[in-house]
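Take a look at these structures.
Shared between the two complexes below is subunit A, which pairs with subunit B and subunit C, respectively.
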Partner chain A sequence: MKRNRVLKGLALVAATSLLGGLAACSSSSGGDEGTAENPVTITFWDNNGGPDRTPLYQDIISKFEAQNPAIKVDYVGIPASDAATKYQTAVAGGSTPDVGIVVGWMASSLAAQSALTPLDDMLSSSDLNGHIAEDALTAAHGSSFDHKLYILPMTATPDTIWYRQDQFKAAGVSPPDTWADFYTAAKTLTNSGAGQYGFAMRGGAGSVNQLVPVAYSCSAISSFFDADDKTTLSDPKVASCLQQFADIYNVDTSQADVSYAYQDMITAFDSGKAAMVQHNLGSAANHVKAFGEGVAVAAPMPAATSSGARTLVAPTPEGPAVFSGSKHPDPAWKFTQFLLSHDINSQWNQTTNQIPGNSDSRADAWVAGNQPISVSIDALGDKANTIVTSPLYLPDWNSILTDMAQEWQAVLLKQTTAQQFASDWADKVNTAEAEYQTQFGGK
Partner chain B sequence: MTSTILAKTPVAPAAAAGGSPPRQARKRRGRWFRGPYGLITPAIVLITVFIAVPVGTVVYFSLFQYNLSKPWATKFIGLDNFHTMLFDDPQFWSSLGITSVWVVAEVVLQLVLGLALALLLNRVFRGRALVRALMFAPWAISGVLATQIWLLIYNPTTGIADVLSQLGAQSGFAPLAAGGSAFWAAVIAELWRGLPFFAIMLLADMQSIPKDVYEAADVDGASAFKQFRYVTLPYLREAIIITTLLRAVWEFNNVDLLYTLTGGGPAGATTTLPLYIVNEAVGARNFGYGSALTIAGFVILLVFSMIYLYFGRASRKESK
Partner chain C sequence: MTALASPPALNRRPTRERAPGETRSGIFNHGLPVGAFLLFTLVPFYWMIVFAFRQTGSTLPLPVPFTFDHLKTVWTDLGFSTYLWNSVAVALCTLLFTVVLALLTGYALARFEFRGKSPFMVVLLATQFVPGAMLLIPLFLIFKQLGLIDNLFALIISDTVFQLPLCAILMSNFLKNIPIELEEAAMIDGCSRFRAFCAVVLPLLRPAIVAVGSFAFIGAWNNFLFALMFINHNDRFTLPIGLNSAIGEYSADYGALAAGGVVAAVPVVIVFAFMQRFLVQGVSAGAVKG
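What follows is the complex of A and B.
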């Protein structure tokens, strides 16, 4: 009996101490975070970690920490091909970062799961208000299911054709201004016996994302949906363009291209084994590093051969998002704004050779002298060109792109046709669009 | 062990006589009853937390339309996911077919070659310890690291294809780029990694076979093959049953090497059931359907294990 009393007494003391400890913890977490009295550490995920971006972010973070000594930023670099999966897994597991770089095609799905914090109100009371380029903001709004702002666009970058100017000149072929030029150049610059190919194709992870610009620039169809809200992907012109594109696989590309993800494709181009590659401006720094300035040149997606009309897909925004699971939302927002500030946005875009999201950064002298960026800005601003907007707002969009990747490999391996592929793709998009319309009642 | 404890447990004379046991004896018996339950409680808690709860969660989700990208569309749909899987999803059957070929190819090749390797390493030769250590190395490294090694080997510009092209064979051949070759290229990579498991397990069992059995066989004039057939193999029966069962389950569930080597491609040529589950649950965020696929995998493995162990036991009885 006496022993029981002693045990009960000890249990009471232990429970009281625990409560006391909790109370102490809760009182210490009060007050403004990120101040000398209350320093914090936030986690930042880079969606494209690697030798190019990691040192850049580390430099930017050191500048931020110098200005904000009470906020420490833990950098986590994720390979680009795994980023979407990592974010989704983190959302499912409740282990999201405080801030993460999110690309437009990932945003809607994450936002629909309430994983991202809407930034509209925060931006309107920020010093950045009025300093984000209007087209970049529009692209960012258009990438979410409810058209709220979930990512601050550091950049909005369109797909381009990168080509080796030196090889084109040596072979006497025209730059890929039209799709006919593109296929002529791919054929002329291929010497498979020497392991040299005209084009490096993305056949693995991320392949279908890049088929959207191919389909619309080649077919010159001017809208992603028709008047009945059905996607134009099922148009025979799209199937024909995709088949022509698939037919150069293992002819003017290497056999390995069927499994190429982003890094493999860029490595094939930068190692000199391919004369052209289709990618956005994000890989510009790699090309400069590989060949020096002015060797790899950017051209807008080729114009349709028949009409000569140039149809471009609206650039995809990319930038920091504050995750709703963040325990330090204020420091996270502070860091997010820092990434979009004039100097930092300029540094980031000059290093990565992309179009700045900050309007002040766009006015910097380096932008005018940068060939890939100038070409892209001119092409997007040319009134003669048509801009098609892909449905980034569909929460299913990224899943559909991922889901179609294996069928695209089947097209490349001639196990199915581009017609079948385009039809299946269209079915999925139409189903997703109908569900979206039912749920949200409009775009 | 239990019978020993029971034998040593003192029995109160009154209780033994069938009368009302004295208080002290009742207390002791109560403690005896509480003791075993107390001892197995941690195990029950751990099994509940780490097995029953996750399995229960998967069963629960499998009855729902549950896609993380569309939280508003989540609803209870009963057995619809299973109906879709069995009757409307050719990819399920295709992935199951690929899984079956994968498991059979891996287990058979690893068993046959592992046994041959174990027989070789059971002999006495100079440097045997070093060879044994080296042989174990592939088993000790992670699947992702093994993938990196085999990606370099299969790379058309750095690997075996490059060597072949320098010898005048077809240039630019990429083993992972064509459906047929990608599957067997992955089989070889996994074979390299899994072979040491069989070799080590069988070698360990081989060394426990008494020498005098072989000596008796020698005296009776048994050839080396007959000694292997009638002495070595019967002694290895238990080890072979357990290792093949374990390996079959592991190979069925293999994700790391296939995911990093081929990602299930090209065009689904290496998409086994676990990879299909990854694509559905992680890639497409379709947790409901992914859970139904997981239940299917679980049931298949459960039934396979029961049948395998039943036949293993039956053949053991026959041999006795």
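What follows is the complex of A and C.
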């Protein structure tokens, strides 16, 4: 009996010391109070940490710290595939960073949970006011549930048609300026017996994200919603365009395309098996690595007719957001502005081959010399073109795109029609929009 | 008529004598399946080594031209030197805590009858059906209240908690195989229960400890989700986070990914090559308990 009591006592002491030890360990890792003498440390989360971005941010941070010796930036690189989950867990646990790079489709959900600080007023009194491109600001406003500005659009990367200039010239085919040109080129450059195809289609993960620009550039419908707040995805013109697009599967594309995700599609293009691929500017570095400069050329999404006017979908914005849980909002805002400053924004986008959010950076010489970027900026800024904004503000938007991917494969395999697909897609969007209207009372 | 001359003996290939028990059907029954299994197991390792030590741009199926550049990149630029030590610390501490707690729990389950023992066993088993992702937010909140977010102890505790139920059940099965009379004999000779356990039972449990420790080590070494969610500083990340970081949104650095894989795999392969004998003994000892 006595021995039992002793054992119980020992167990209690062991448990207490273990917890005490752990608490002691934890206390040593917390606290970042600071003054000019004792620098403030802000935490910065990069949503795409890795060999490409980490060294770039580290260089930018060292420049910032040199200019602001009282502010230290603690960089955290998060793997791209898990960034959204990491942010959501941090919000749920109340442990968010001071600044984090947020993509447009993440912004609405984070802002709706009051995790992000509205930046409109801060921007209006900032030196950056008037130096951020209008299209980038519009896209950033459009990505939040209340259309306030929660992310400073550091970069944008619109969908384009990448094509092999050398193969087009050799075959005497016109670049894919219109959808008619696109289909002609796809057919002409296909030699299925030799394993050569006109187009690499994304039929697997992420396929439906790329159908939005296809649907609107081909149908030339100028708005995602009609006057009754119903999506125009149910318009017969959209179904017709999608059916035409699906019909080239396994004719001017390889049979394997039905399961192609991003990497497979890009590999098909970069290995020379396909003459065209639809993707944003993010894959530019892969094409240069595969062919060298100037072989793979970017064209804006094709026009519906030969009139020259295009209907383009606004690129998803991406940039730094100040989290509302930040204990150092002023240093956090200072760093956020630094990322959008002329030189830094130029450096970042030149390195990553994307469109700068800073309008002064867009006027830099390197932009004019970069064919994919200059072509995309021209297309977005051309007043003759119409820009359609997809409903990034819908909390369900991304999950709808993911859910519809399987049905799109059924369209490619001729198990269902594009009409049915477009109708189901529209139903989901209309339901999400109605829920959104009920919850937030309008855009 | 002349008889056909037999070929000179020198040209005949000497036939190897089969080892006792070795038959042609044995080669088909064992050799082929093992060969096929090894092919599937070793080919990914082969490619990992090729990519890790081959210069970017080379398409040869061998690490030619040979380079240490990818290894240097992950070790110095991507912080794998730090990630490796963090992973080692987390995995070893998890191993230690899991083995000690599994020994205590397993001993109680094997040697004592107490009220609620059966429901307790069911609960232990049931915990194995709860995916870690489901408990992410509750665990996050608990660790935050304990001040353990961004602390490697959060990983050690969560990994230990997730490994413990299965390890405790395994350990109790190992212990049931050891006759209680051995302990009783030691206690008659004057040992306390604890002394009898240490002197008599523990040496017999060596294969079991290796098996349980291995499960715990591997589980902690490979855990990605908890490490990503509970840690907020690059210098406290573990190897699985570093490996995932090599895959960007639009590109994957296969050289860095493979070199990171080598850093992550080599220490484990070396350790398990030495422990493999005990591991097999331990697993089979637990499996045959009637």
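The rule is simple: the second predicted complex is superposed on the first by the 277 of 443 C-alpha atoms of A that agree within 3 Å, B and C clash if a C-alpha of one lies under 4 Å from a C-alpha of the other, contacts with A are read in each partner's own complex, and residues count from 1 in each chain.
Keep this in mind: contacts are C-beta pairs under 8 Å (C-beta built on N, C-alpha and C of every residue); 3 or more make two chains touch, one makes a residue touch a chain.
From a predicted model like this one, the values you see are computed outputs, not experimental measurements.
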Touched partner set for A:Ser361, first subunit B, second subunit C, both or neither: neither
First (subunit B), second (subunit C), both or neither touched by A:Asn370: neither
First (subunit B), second (subunit C), both or neither touched by A:Ser254: first
Subunit B versus subunit C as contact partner of A:Thr89, first or second or both or neither: both
Contacts of A:Ile78 with subunit B and subunit C, given as first, second, both or neither: second
Footprint overlap on subunit A, comparing subunit B with subunit C: 85, 89, 92
Contact set on subunit B toward subunit A in their complex: 68-73, 155-157, 171-174, 176-179, 262-268, 271, 279, 282-287
Interfacial residue positions of subunit C with respect to subunit A in the complex: 73, 77-78, 136-137, 140-141, 144, 146-151, 153, 157, 228-229, 232-234, 241, 244-253, 256
Residues of subunit A defined as touching subunit C within the complex: 19, 22-23, 25-27, 29-30, 43, 48-55, 74-82, 85-86, 89-90, 92-95, 97, 262-263, 282-283, 285-286
Contacting residues of subunit A [partner subunit B, same complex]: 85, 88-89, 91-92, 109, 112-114, 192-193, 195, 203-205, 254-259, 273, 395-396, 398-399, 402-403, 405-407, 409-410, 412-413, 415, 435, 439
